[in-house]
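Both complexes shown next keep subunit A, but they swap its partner, so subunit B is in the first and subunit C is in the second.
Take a look at the complex of A and B:
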């Protein structure tokens, strides 16, 4: 296990001449030892590039990579001792399950008995003891992903475990099981884990810390709680949480924010906000149906209801602006014209898309 | 409906099989005939239609009016297998490099280098006869098995490289990457992960090489004289004023046999199924 530091690391696939075409903008990032991180972002935002830079499959155009203060930028993948699980299961099709798991140790020239011991140990953790003799290509996709993981676990002290959307090709009924298994294993082995995903639920349940990327840049990093409560940009508010954060255009009137003709009470002093386009964000989970007029209460009209199992998502127009509100199952959902309240302490203010820090 | 389909299917298969087998049958019967048997019109049933004779076969092993086929046969095996084996080893390594790494030789990049390899086969062989002759003479390798092996390697290598580059390009790169993540050197990754997955490609390339080497007459004829005779040349030497059809038939059968045996042996490796499951 190691602390992994990316220092000024940036990458472009087009060659150094066109640095405006960064696949990964130069950035500084520290992955702490023994913690689980989720790297979240839409397709093509540089997540996979970052993983490949850590494992050495891609040499960064700029910057240094350090494992525990040791510069590994020029050290080949072979010597970095990184375990990586790709999006599509990669197994050695011509080998048995046992040979697949033993392979990294064979490369390291371990004695045969020690290999057998270690493989048995890891196979037990993965629940693959009974499959050891089978040709690896006959396994299911989920089992193949476990083997990919297992090839990392057999090696002692891997520097980090990198997972690149490992559940993409897994059938839904196994997804849950495999995710729990992964979590169990990363906790038991106290691994430094970077888990790439574009599924925010996966990220929120898996990680100690979530890193959100967009267009080759880190937009925000923090605990799942922080990202949910204080998205730093409207992009993060949109990307984290389902349904996405509601955003309403607002104006100011002295010290107050005004939305749809209603003066909103909030934790912000509108007079202290920097100039720019103003929006307030409220999570659908915090938007409330109200039954009588009052503070922060606006007229709204319900336009549709979407059943999502444990919650129902109500689509509505608040002062003409589309919004979503989620209600726990079992609560009665009215129809037609209703009143909606924006809880004062749950209102976030964004100036030109960035969370306002002044005036709070 | 399905019964009719089966009937049609097997009829078609049967027709095609007879079409393929007929020449062999013809050669087989002819090889047991004598002058009278051959000239008296088409006949197929021994004893009933013609009197079988072993003279066609004895003619191949030093019998009267024939040749001794054993030495040319051995020569052909040595030259074909030697050249094919070396071509496959060199070609596979070259192809792996061209498939996985980026090269720059002056203006030439990977695709140019691959084209350069393949372009060696664009010229008609006759253009190469004189240069090869002069080169082998300079080396003192005319009329030797080693000389022929060298010439055949030059001719087979492009085929091997071409087939294998295409094959390696279809072996997912993640396989190599995973092997390196697991701690292999590039060579270990190649030998223990990529190669086992490429067996069908190697077999296809090997088959091409063996077929070409075994059947080549032109270079075997122009670059050897008396000391090192290959099978095709020896067979052609059978031709005299009276064509000995029986001996020629026997020699045709005996020379095609190794290729048939090899084809049958490797047929099951040729399915791409061996690759399936490496990455999915």
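Take a look at the complex of A and C:
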């Protein structure tokens, strides 16, 4: 296992090193040994570029890549001791499960007994002991992904496990089973894991730490809870959480924030905020239907209800601004004109799109 | 006016891809078909489109045999998981092309194409090539082409599966509005995502291992799942199913656990049953509740999913807030018997909350 350091790493595919051309803006980033990271963002945000720089499939235009203290920038992928899992399983369909797992060791000319020992060990972790004789093509998609992973794990001294949307071909109902298996494995082997995904749910449930990317830049890194509770920018508030964080335009009146003519109580002192365009953000999970007027309570009108099964998402206009509120199934949803409350401790303030740190 | 299927059956190498599937799809309603991979969803769509021959069964559109009609005479539009467009045509002509094929003049075809592109929010992109668009935009072009034709039958095979998560979220909301204008068509839309099936469908069809298990309005399917298989497929995480019995006026679960009988279970004869519990309806309880050992827990921002082993089997709990648990930690699980679904040993629903 290794600590991975990206030092001043940036990449452009066009060769033109000016600001607009960076697929990955130059940055410093440290991946701690033995931790699990999710690299999260929409297509084209640079997350796969970053992964490919770590694995060596892409040589960065600028900067150095270090595994522990060793500079590997010029070392090819095959010499970096990286285990990789891609979107689609990469297996030898004609070979048995055993032969698939043994293949990298056969190529390295390990003695037969040592191979048998190592394959047995990995098969046990993967829960594939009883499937070793089966042709690999007869396995389920999830089992095939485990073999792709297992082929990386049989080697000694794996520096890191890199996964690029490994759950794409897995049914939603089985995703959590595979996620659980992957977690067990990464904990047992104490792997440094970088997991690329565009699916916030996957990132949040799988990783110790999530690195959110947008347009070639890291916009926030933190625990799932930090990202949910304190998105650093309105973009993170939108990208993390489903539906996205509600944003309302506000003005100030002395130390208070004012929205739709209502003075809001919050953990912020509006007088101490820097100048700029002000918005407050409240998660749909925290916006509440109220039954009588009171603190932070505004008039709203329900415009639609989306039934998602275990939750219902209510679309509404709060003081004329579109918003969403999610409530558990089983609770009655009124219609027409209602009151909603913005809980004071759940209000976040954004100045020009950035989370305000002053005034809190 | 409807598409009526009766006893559709297809067997390949002793595996039933379609197993006696019968249904009626009406015009002007959006039907979502939910099922896992290999449930038979794509086979069914291909059968309707005429791309798949079947062993047995009939398919009638408005009283006329659809199976007897060759593919090119079926008025079917299909949108696939992979975005498929004509790479050498502009976005506008991608949508206008099938209209031209049906004999409309260039001007009329393009005019109609423009109107549909506007509906899928692609105004201003008419002159681009598909390759100059994002994935979501490319799939909108494919959708627009299917919508523009106003075909008798519109089939969509997991059209959002290849899109980014956030884009999928946005498209789901847009699609509801799009299909509501599609009055004359029969629309069938497949997905593996419970929330998508629930949100979009006027009618939800549930398939599992080649069989159509249930069909009805979303509420009905969600609140009264006909079988344990339906209950697991339409809930995310899947509904917990545990074996037990009703005896001496009590619910008996394995490992010596019992619960009082709930209102909706009165009148059920004693015997073996299977009980269904939604993850979101289980809570962490107090010391006198059922105890279990944590096998895994994961946090998703505002919620925590806890996997617990109890004396009567594994359960998944979905609880509010961020909590962390050590592996094998003992946790009390509160089960509200009033929220339990009851299935017979044959997996058929016998009582619902």
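The working rule: the second predicted complex is superposed on the first by the 340 of 360 C-alpha atoms of A that agree within 3 Å, B and C clash if a C-alpha of one lies under 4 Å from a C-alpha of the other, contacts with A are read in each partner's own complex, and residues count from 1 in each chain.
Criterion: a contact is a pair of C-beta atoms (placed from the backbone, for glycine too) under 8 Å apart; a residue touches a chain by one contact, two chains touch by 3 or more.
All values reported here derive from a predicted model rather than from experimental measurement.
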### Message
Going by the contact rule set out at the top, does A:118 touch subunit B (first), subunit C (second), both, or neither?
### Response
neither
### Task
Answer with first, second, both or neither: which of subunit B and subunit C does A:307 touch in the superposed model?
second
### Message
Touch test for A:141: subunit B only (first), subunit C only (second), both, or neither?
### Response
both
### Message
Quick check for you: in the superposed arrangement, does A:198 touch first (subunit B), second (subunit C), both or neither?
### Response
second
### Query
After superposition on the shared chain, which partner residues are touched by A:107: those of subunit B (first), subunit C (second), both, or neither?
first
### Message
For A:242, using the defined touch cut-off, is the partner it touches subunit B, subunit C, both, or neither? Pick first, second, both or neither.
### Response
second
#### Entry: Which superposed partner A:90 touches (first subunit B, second subunit C, both, neither)
first
### Message
Quick check on the superposed pair: does A:285 touch subunit B, subunit C, both, or neither? Answer first, second, both or neither.
### Response
second
### Query
Which partner does A:57 reach: the first (subunit B), the second (subunit C), both, or neither?
first
### Query
Can you pull the subunit A residues that subunit B and subunit C both touch?
141
### Query
Which of the residues in subunit B end up touching subunit A in this complex?
172, 174-175, 177-186, 188, 192-193, 196-197, 199, 274-280
### Message
Can you tell me which positions in subunit A touch subunit B when the two form their complex?
### Response
55, 57, 76-79, 81-84, 86, 88-95, 103-104, 106-108, 136-138, 141, 144, 148, 151, 155, 169
#### Entry: In the complex with subunit C, residue positions of subunit A that touch it
42-44, 141, 171-174, 176, 179-180, 183-184, 198-201, 204-206, 224-225, 227-228, 238-244, 283, 285, 306-310, 328-329
#### Entry: Partner subunit A, residues of subunit C touching it in the complex
36-37, 134-135, 164-167, 169, 173, 192-195, 198-199, 218-219, 222, 232-238, 278, 280, 296, 298-302, 305, 307, 316, 318, 322
